[in-house]
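A short worksheet on the structure shown next.
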Amino acid sequence: MIEHAYLIPLIPFFASFIMLFGGKEDPHSNMPWVGIAAMGVCLALSVSVFWGAVTGTVALPYEHNWHWFSIAASIAGRSFVYDMPVGVLIDGPAAVTLVAVTLVSLMVQVYSVAYMHGDVRFKRYFAFVSFFTAAMLGLVASSNLLVTFACWELMGLCSYLLIGFWFEREGPCEAQKKAFMTTKLGDSGLYLALLLIFAKVGSFQLSQIYQFFDKGLMPATIATVIGIGILAGAAGKSAQAPLFIWLPDAMEGPTPGSALIHAATMVAAGILLVSKTYFVFLASPTAMESAAWMGLITAFLAASMALVSYDIKRVLAFSTVSQLGFMMCALGAGGFTSGLFHMTTHAFFKALLFLGAGSVIHSVHTNDMRQMGGLSKKMPLTFLTMLIAVLAIAGVPGLSGYYSKDMILADVWNHDHLMFWILLCTALMTAFYMFRLFFLTFWGDDRDHEKFHHAHESPALITGPLVVLAVLSAFAGAGLNHDGLVHKLIPKPTISVMPGAAVAAPAHASEAKPEASAHQASTEHHDGHLPAWLHMTAIVLVLGSITLAFLMYRGPTYAAADAIKANLGPVFTLLDRRWYVDDFFYALVTVSDKVAALAFWIDANVVDRVFVDGWGLLMRIFAQISDAFDNLFVDSAVDGVGGLGNDLGVGLRSLVREGQVQEYLMYAAIAFSLAATLILTR
Amino acid sequence: MLSLIVWSPLVGALIVLMTPKEKVRAIQTVSFVAAGVALAASLTLLLNFDRGSAAMQFVERWMWIPSLNVQYLLGIDGLSYPLVLLTAFMSVIALVGSLGIKERVKEYFFWFLLLEVGMLGVFAALDLVLFYVFWELTLVPMYFLIGVWGGPKKEFAAIKFFLYTLSGSVFMLLSILALYFKSAPHTFDMLELMKPGVQSLFDPRFQILAFLGLYFGMAIKIPAFPFHTWLPLAHVEAPTPISVILAAVLLKMGVYGLLRIAYGITPLGFAWFLPALIVIAVINIVYGALCAMAQTDMKKMVAYSSVNHMGYCLLGIAGMSATGFSGAAFQMVNHGIITGALFLLVGVIYDRAHTRDVSAFGGLALKLPVYSGLMAMTCFASLGLPGLAGFISEFMCFLGAFSAWPWPTAISVVGIIATAAFFLRMMQKVFLGAFNEKWAGMEDMTARELISVMPLAVVTVWFGIAPKWPLDLMNKTIEHMLGK
Amino acid sequence: MLNLGLLTPDLVLAGLALAVMLADMVLPPSRSRWLYHLAWVSAAGVLTAIVLGLGKPATMGMGSLWVADSFSQFFKMTTLLAAVLCLLLSLDYKALPARHAGTFGALMLFSTAGLMLLVSASDLLLVFVSLELVSISSFILAGFERSNPKSNEGAMKYFLFGAFSSAIMVFGISLYYGAAGTTKLAAGLAAPGPMLILALILIFLGFGFKASLAPMHFWVPDAYEGAPTPVTTFLSVAPKLATFAVLMRVYGTVFPSAQYELQALVALIASLTMTVGNFTAFFQDDAKRLLAYSSIAQAGYLLIGLAVGTPLGLEGVMMYAFVYVAMNIGAFAVIQAVGEEGGYGLDAFDGLSKRSLGLALTMTFFLLSLAGIPPLAGFMGKLYIFASAVEAGRWWLAVVGVVNSVASVYFYFRIVHRMFFRGTRGEPAGLRVGPHVYGAIAVAVAGVLFFGIPPEPLIAGVRASAHLLP
Amino acid sequence: MTLAHYLTVASLLFLIGVFGALTRRNIIGILMSIELMFNAANINLAAFERFLHPEGVAGATLALFIMTVAAAEVVVGLALLLAIYRNTDTAYVEDYNLLKG
Amino acid sequence: MIEHIVFYSLSTVVLVAAVCVVTMRNTVHSSLFLGLSLAGVAGLFAALGADFLFAAQVMVYVSGIAVLIMFSVMLLGRASDLHLRQVNEQWMAAVLICTVSSAGLLKIARAYCGTLAPSAPTPDTRAIGRLFMGEWLLPFELASLVLTAALLGAVFFSRSEASR
């Protein structure tokens, strides 16, 4: 089956076009089922690939390339025709991710049939979702970094379209623009990284680039720059600090769309990209460390912001950012496997959380948690599935989140203890705010009777996917962790020669190699678990913070929470303002607008004047000397065609008062006298 | 065959001139036939065009002015052929757009066809005098087309365009003459002038001077900073089809000339100028995008985006690498198609609303889904979204420049962000948000408008997904150009 | 060895001029138009005779004060062509007093004959006398609209300036005689010295008056504006080109003895003339006045070829001169056609394209050609001129030239602008244009197109003619 | 008496003529000044013939031509003045300013 | 010595009269001084031994042109003109121009400080006649054309208003 892997991105791609252009715009269209069927096929294909990988019947990595186009290129004085390939590269992480993405997307689509039913642009929504998924699948499966980048950008487009799906309102419009621009900002880093890679390697094919790095041919500093560039891109897409600002705003889109963005597609792309180019980071410890710290800071900041938000989707959004920080931190700390593992499990439970939240919103028509409460009575199925999801994300033992998060913590502990403690703190905050959300929504009394009265359990098309995802959230972690499967599927890549070794001592390349391998081996040895005491402490602390959340938010009154808020006003404000990062970027936008206005002013008033209207300034000065300045304006006004040389004309004209023949004679006489005086020089 | 391509619009123009002005339908038909013949003929060349050869093909050589050794010398290679195709294609597209012209139809089509002769000739000519003649031949029709059928400040725009471009090209003429007298035997033949034997007669100092003259002419046409200010005005004031032609073809003449003549004949001067060129390219990119950001007039914004996009071409050229050159060549074609479509689309809305101020609209996507979709697609293509035509060429330009000029290229990336910013802002203001009830009566695109835009949209997607075909046309020639 | 036979065409034309004058006394006033016809047929006949005699050895040779070479024949042809076309134009010019047709025709032929002698002259005496014949005829012709104060005034200014400059020239000739002992041009070679240089400069100033070179150009706009349009047309072409011919002869024979700085001086005057002509033309609101300044500027371009002084420059001047006849006469013909009805203000051109697209297009052709836009004849002429400057390494002169030709577009296009972009005052009414004007325009258009697109015949002709006998 | 004496007189006469042409407001005044300039040239010619080139008579003959032509110019000028005077009733040049840019 | 006295007195007459021509307020006086100045020039011709030239000068200039001008002045002159300034505002510039030019012209003159007349003057009337009828026949005839043209012009301009 794996030779048909190229179909996995293509099918939803075509499906999206069928949905976009086929049929009429109809709020009750049947078109969505095309997308669902397509996604089903994709899921089947992905699962077959995955199963082959699990059972070992398929040899991974699998790569197949086709010729796309050729460009003439010259690298370091060597001229050649570069045949740009387009193809699939399925390795272990890809196999896992494909399943997760197709599955979540399928669930989201099924769910959306009910959720989006009756929207004026019903059909278009599904086309966008399919396209989005196709782009993500393409990114996952591509063997070519340029194609990866193309899919990456297309995903940016899709997020733009989905976030701004309800573009009649002001909010989504601003949010979609913000999302696109923020990610674009990050993308420029990635863009440069690509340029740099090609300038050095002369290829975009991942396997060839890997070869290059593997042989240690890439200088460490360049590798660092490339790594930072990739990180910038990843920061944009995966909403890492400081570019996370777009993600909370992205909640303006339809909730299932958010689920897709947060769980399966957009945000995972950054993590995935880093994993695809992990060899770059292996070659550059600086880049690696940057990734770790970026992830850590993101995780912490986002978690802190989630503590104070009352918008159910925003809390989830912050939690996504935070979890992505976890993954990035893991990757940076050398936990390749754990990071991707967490990405997979996170896909399931975050999708579940969003879809559950969507179900709630669908039911009560508000995002504000202060207007919810006690919904467990009205929506039991949603309540139960959400409970599983919340437990999973909090890292309660037995559920999927526990395994992946545990593995991350272990990797980080092995990497750096300080990081570990901060991350643990973040994990506790995670447990707290997730349960805060949970309690506020489902527990206690109904705070808004009107809304509560109308609340109801969602239809089967909504709850069905919830159940499926709940099952996966509960068991995927355990299943993948079983018997070290995840280590087998997602092995950490290595490079055989560190750059310094090859560059510093090319003559002794053969000797350097075993040394480097030894170094590799030593890092791999850390692949252990947390010390038992620490492990237990962590679990206890998590349970403790859940309890704390229960105490504070079980209702019906929230005196404790209010008291804390009252006492820690400035901190709340800081968190509520999202650490002022948004304000910083708004200032940036304002400044760039000012710069643009200035540029245009210069263009219209300086460049245009100097280089076009006459020989500009010079002539103007000339005209002034000729004391004909008023004429200049009068004439241009009259002619309406003030232009080239007008000024000089005025100048010359003012020399001669026309009509007086004796003045004419005077000039002739001056010429005569010049001629006569010329003779004096002889 | 090349003569047929170049001259068939002239025949059309003469027939139009002799047709009584009341017979609008006949005039339009003649114009379409003439432009169609040019397009068909240039397409049939595809059958015989040898992609594996870097030599000039379909060469036609006659003595024109024997005393000065001026020849009627036409020929195309991988650099000029795509541009000939583009010109013939965009002319037909613009003619479709021109069907909306209602007054002084006869004169309009006469000038239009004359313009096409000039444009096609520029790309096909291999003799410098012939090149110059065609080059100037585009000016006069353009002057009239802008000046008669343009917007409120059309007359000023027309004369400014004319004077400005003319003042550039006369310096080009001086350089051409200098090259003629410096070569031995005296010749205007570009191919001769590129030969090593003749090249060895041009000492570096001479090449620098000659290059500067040539560059001045080309830079104004491109338009490269700081000679770009005629462009926004001309674009804004020109009628829609003429803006299309202006953006799609006329700007390309500058870049083409830079590659073919300035680089080909005065390579040392070119090399000497490179550091300045890269700075100009960066300024074009960043500054053009910034200026576009400050616009509220959609057409002016697109015009400044042209400045920005031609900056990419310059960037690619400044890299002096095969990738950059092909990128620039490909970018010319893509920019022609995309910006052409953008102008057509802006024209569509201007025809309906008689304003192009972005803040006058809002929520049009609700009312005009087809139009909005096309516009969005074109905007995204223009800001370099992968999968659409602009991306590959833009990327190649960056790629080509990067190894030679890492820092300037890195700065140029800012331009990409700014481009995205102004296009998104424009789309938001015009198409998104609450619907502005003022435009409740607005219709979506008519069949004629769709016919003119759809081919461009199709090509945009085609070149975006499968750039192999156009790139293969160019590759051999460009390799050869750098191989010298 | 007088060799008067060499000047047969010139003398025949002078005789015909007298015949026209006498015929005026014989013919009844109602038939006075015949005199115009007689005049232009005479000129055309002499032109035909010269053309037929081209290349025959009998027509070439040296006289005592004159030479007949292919160079002089070339300029005689341009002069005669201009005269024929201008006489055609005057047939349809209503403001000319019909009663004085004989005087008009005779004076036109007098000045034509004077010009023909001028281009053949190899002695300053003959130069001076024939130049005065031209001048005096021109003064009268310029004031030919007797009752029109503008015409009077233009003629008076023309006269005063002309008399003043010929006094300067005469002073120069006297110095030349003092230095060389004779007035033969060739003798100047043997007598270098400050006095000769001063003499040459003063003579140059005298020529400058006729050729409207700065700073001797001030009379031009006034005289052109005031004079009857056919006369303006003639003045703008024939005397100017003939003066250039004689300048080239002087330059070719005497100037080598003068020092390099004289060339620099000529180059300086060339650029001054171009610049003054072009930039002052910007503000003119009278079509004739505008073209007057344009013709000053054109003289500047011609002078570039002279300043360069190479064979290519010489060819360039001849080439441009010939082309200039076609385009300038064409432009003036259209101005006359338009101005006869609506006056000569630029606003008479408003909306011309709606009244007569053909006329508007041909006018555009002429103006574009004057501005040097390819592929019209003017471009080829300018190409040649600038090429000679570039060849000789006078870069700055070429740059001044091209910059000026760009600037000139601005005012030429003021007319184009009005013709195409402005509406007419009221309903566009058709334009009544006389058949002779159409004839002249047709000849001019043919010249502009024919010598622009395949310029080879003209170039070949110029090459063959660009040989000065000493 | 040397040639320099005659040349000096001629030069001064010429310059006086120039001055008059530049400053006389009356057209006849200008005409008279121009005549002075012509005469200066004639003195030159006669002096050159006498002192430098006595072998021929070209100088004197040339002077005769100049006289003739000057006479013709005066005739035309005065006739013109008459015509113009009839139309405008003035002989002062600064009143002739219908024609200007 | 005589020669000196003749020369200086004639020169003084010529120049002083010329200055009067250009400065006199009354145009009639100016024209009279013109006659005087031209007569002085005739005297210089005589002093130079150009006898024919002397005769021509007296006939053409002094008795022809000067008188013609005088008539014209009287024809056009009006009493009121006497109150008008006859010199315009640019006289200072004119003085400057003339002064500057004089430097060059006098430099040329100074080059011939030592040049004396080679021999006694010979009568040249016959030689002039030969020249007119021989080598310079064409210019001579041409001069007649010039006069004819001038005549045509004079007739044309001075015809009475009846012709309108």
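Chains: A, B, C, D and E, in written order; residue numbering restarts at 1 for each.
Operating definition for what follows: contacts are C-beta pairs under 8 Å (C-beta built on N, C-alpha and C of every residue); 3 or more make two chains touch, one makes a residue touch a chain.
Only a predicted model underlies this, so the values are computations on that prediction, with no experimental measurement involved.
Chemist: Ignoring chain C, split the rest of the assembly into groups that are still joined by touch.
Modeler: Without chain C in the graph, we get one piece.
Chemist: What is the graph distance from chain B to chain D, where chains are linked when they touch?
Modeler: Minimal hop count between chain B and chain D: 2.
Chemist: Show me the overlap between the contact partners of chain A and those of chain D.
Modeler: Common neighbours, chain A/chain D: C, E.
Chemist: Please state which pair of chains has more C-beta contact pairs than any other pair.
Modeler: D-E
Chemist: Pick the chain whose C-alpha centre of mass, unweighted, sits closest to the average of all protein C-alpha coordinates shown.
Modeler: Smallest offset from the overall C-alpha mean is found for B.
Chemist: On a CA-centroid basis, which chain has its centre farthest from chain B's?
Modeler: E
Chemist: Work out the mean Cα position per chain and let me know which chain is farthest from chain A.
Modeler: Using the mean of the C-alpha atoms as each chain's centre, the farthest one from chain A is E.
Chemist: From the C-alpha centre of chain C to that of chain E, how far is it in Å?
Modeler: Going by mean C-alpha positions, chain C sits 32 Å from chain E.
Chemist: Express in whole angstrom the distance between the two chain centres, defined as the mean CA positions of chain A and chain C.
Modeler: Their C-alpha centroids are separated by 76 Å.
Chemist: Once you find the CA centre of chain A and the CA centre of chain B, what distance in Å lies between them?
Modeler: Computed value for the inter-centroid distance: 35 Å.
Chemist: So what's the Cα centroid distance for chain B and chain C, whole Å?
Modeler: Result: the chain centres lie 43 Å from each other.
Chemist: Can you list the chain D residues in contact with two or more other chains?
Modeler: 14, 17-18, 21-23, 30-31, 42, 49, 52, 56, 58, 65, 69, 72-73, 76, 80-81, 83, 93-94, 96-101
Chemist: Indicate the residues of chain C shared as contacts by at least two other chains.
Modeler: 125, 129, 132, 136, 139-140, 143, 146-147, 156-157, 160, 164, 168, 175, 194-195, 198, 221-222, 280, 283, 406, 410, 417
Chemist: Among all residues of chain A, which ones touch two or more of the remaining chains?
Modeler: 641, 643-644, 653, 658-659, 661-663, 665-666, 669-670, 672, 675-676, 678-679
Chemist: Got a list of which chains touch which?
Modeler: A-B, A-C, A-D, A-E, B-C, C-D, C-E, D-E
Chemist: Once bound in the complex, which stretches of chain B touch chain C?
Modeler: It comes out as residues 64-68, 107, 129, 132-133, 136-137, 139-140, 143-144, 147-148, 154-155, 158-159, 162-163, 166-167, 170-171, 173-174, 177-178, 180-181.
Chemist: Using the touch definition from the top, list the residues of chain D that touch chain E in their complex.
Modeler: 1-9, 11-20, 22-26, 28-29, 31-33, 35-36, 39, 42-43, 46-47, 49-52, 54, 56-58, 60-61, 63-65, 67-76, 78-83, 85-86, 91-92, 94
Chemist: Looking at the complex, which residues from chain E come into contact with chain D?
Modeler: 3-4, 7, 11, 14-15, 18-19, 21-22, 27, 30-31, 34, 37-38, 41, 44-45, 47-50, 52-53, 56-57, 60-61, 64-65, 68-69, 72-73, 75-76, 81, 84-88, 90-91, 93-95, 97-98, 101-102, 105-106, 108-119, 121-122, 124, 127-128, 131-132, 136, 139, 143, 146-147, 149-151, 153-154, 156-158, 161
Chemist: Please name which positions on chain E make contact with chain A in the complex.
Modeler: Touching chain A: residues 88, 90, 93-94, 97-98, 100-105, 107-108 of chain E.
Chemist: Can you tell me which positions in chain A touch chain C when the two form their complex?
Modeler: 635, 639, 641, 643-646, 648-653, 656, 658-659, 661, 663-665, 667-668, 670-672, 675-676, 678-679, 682
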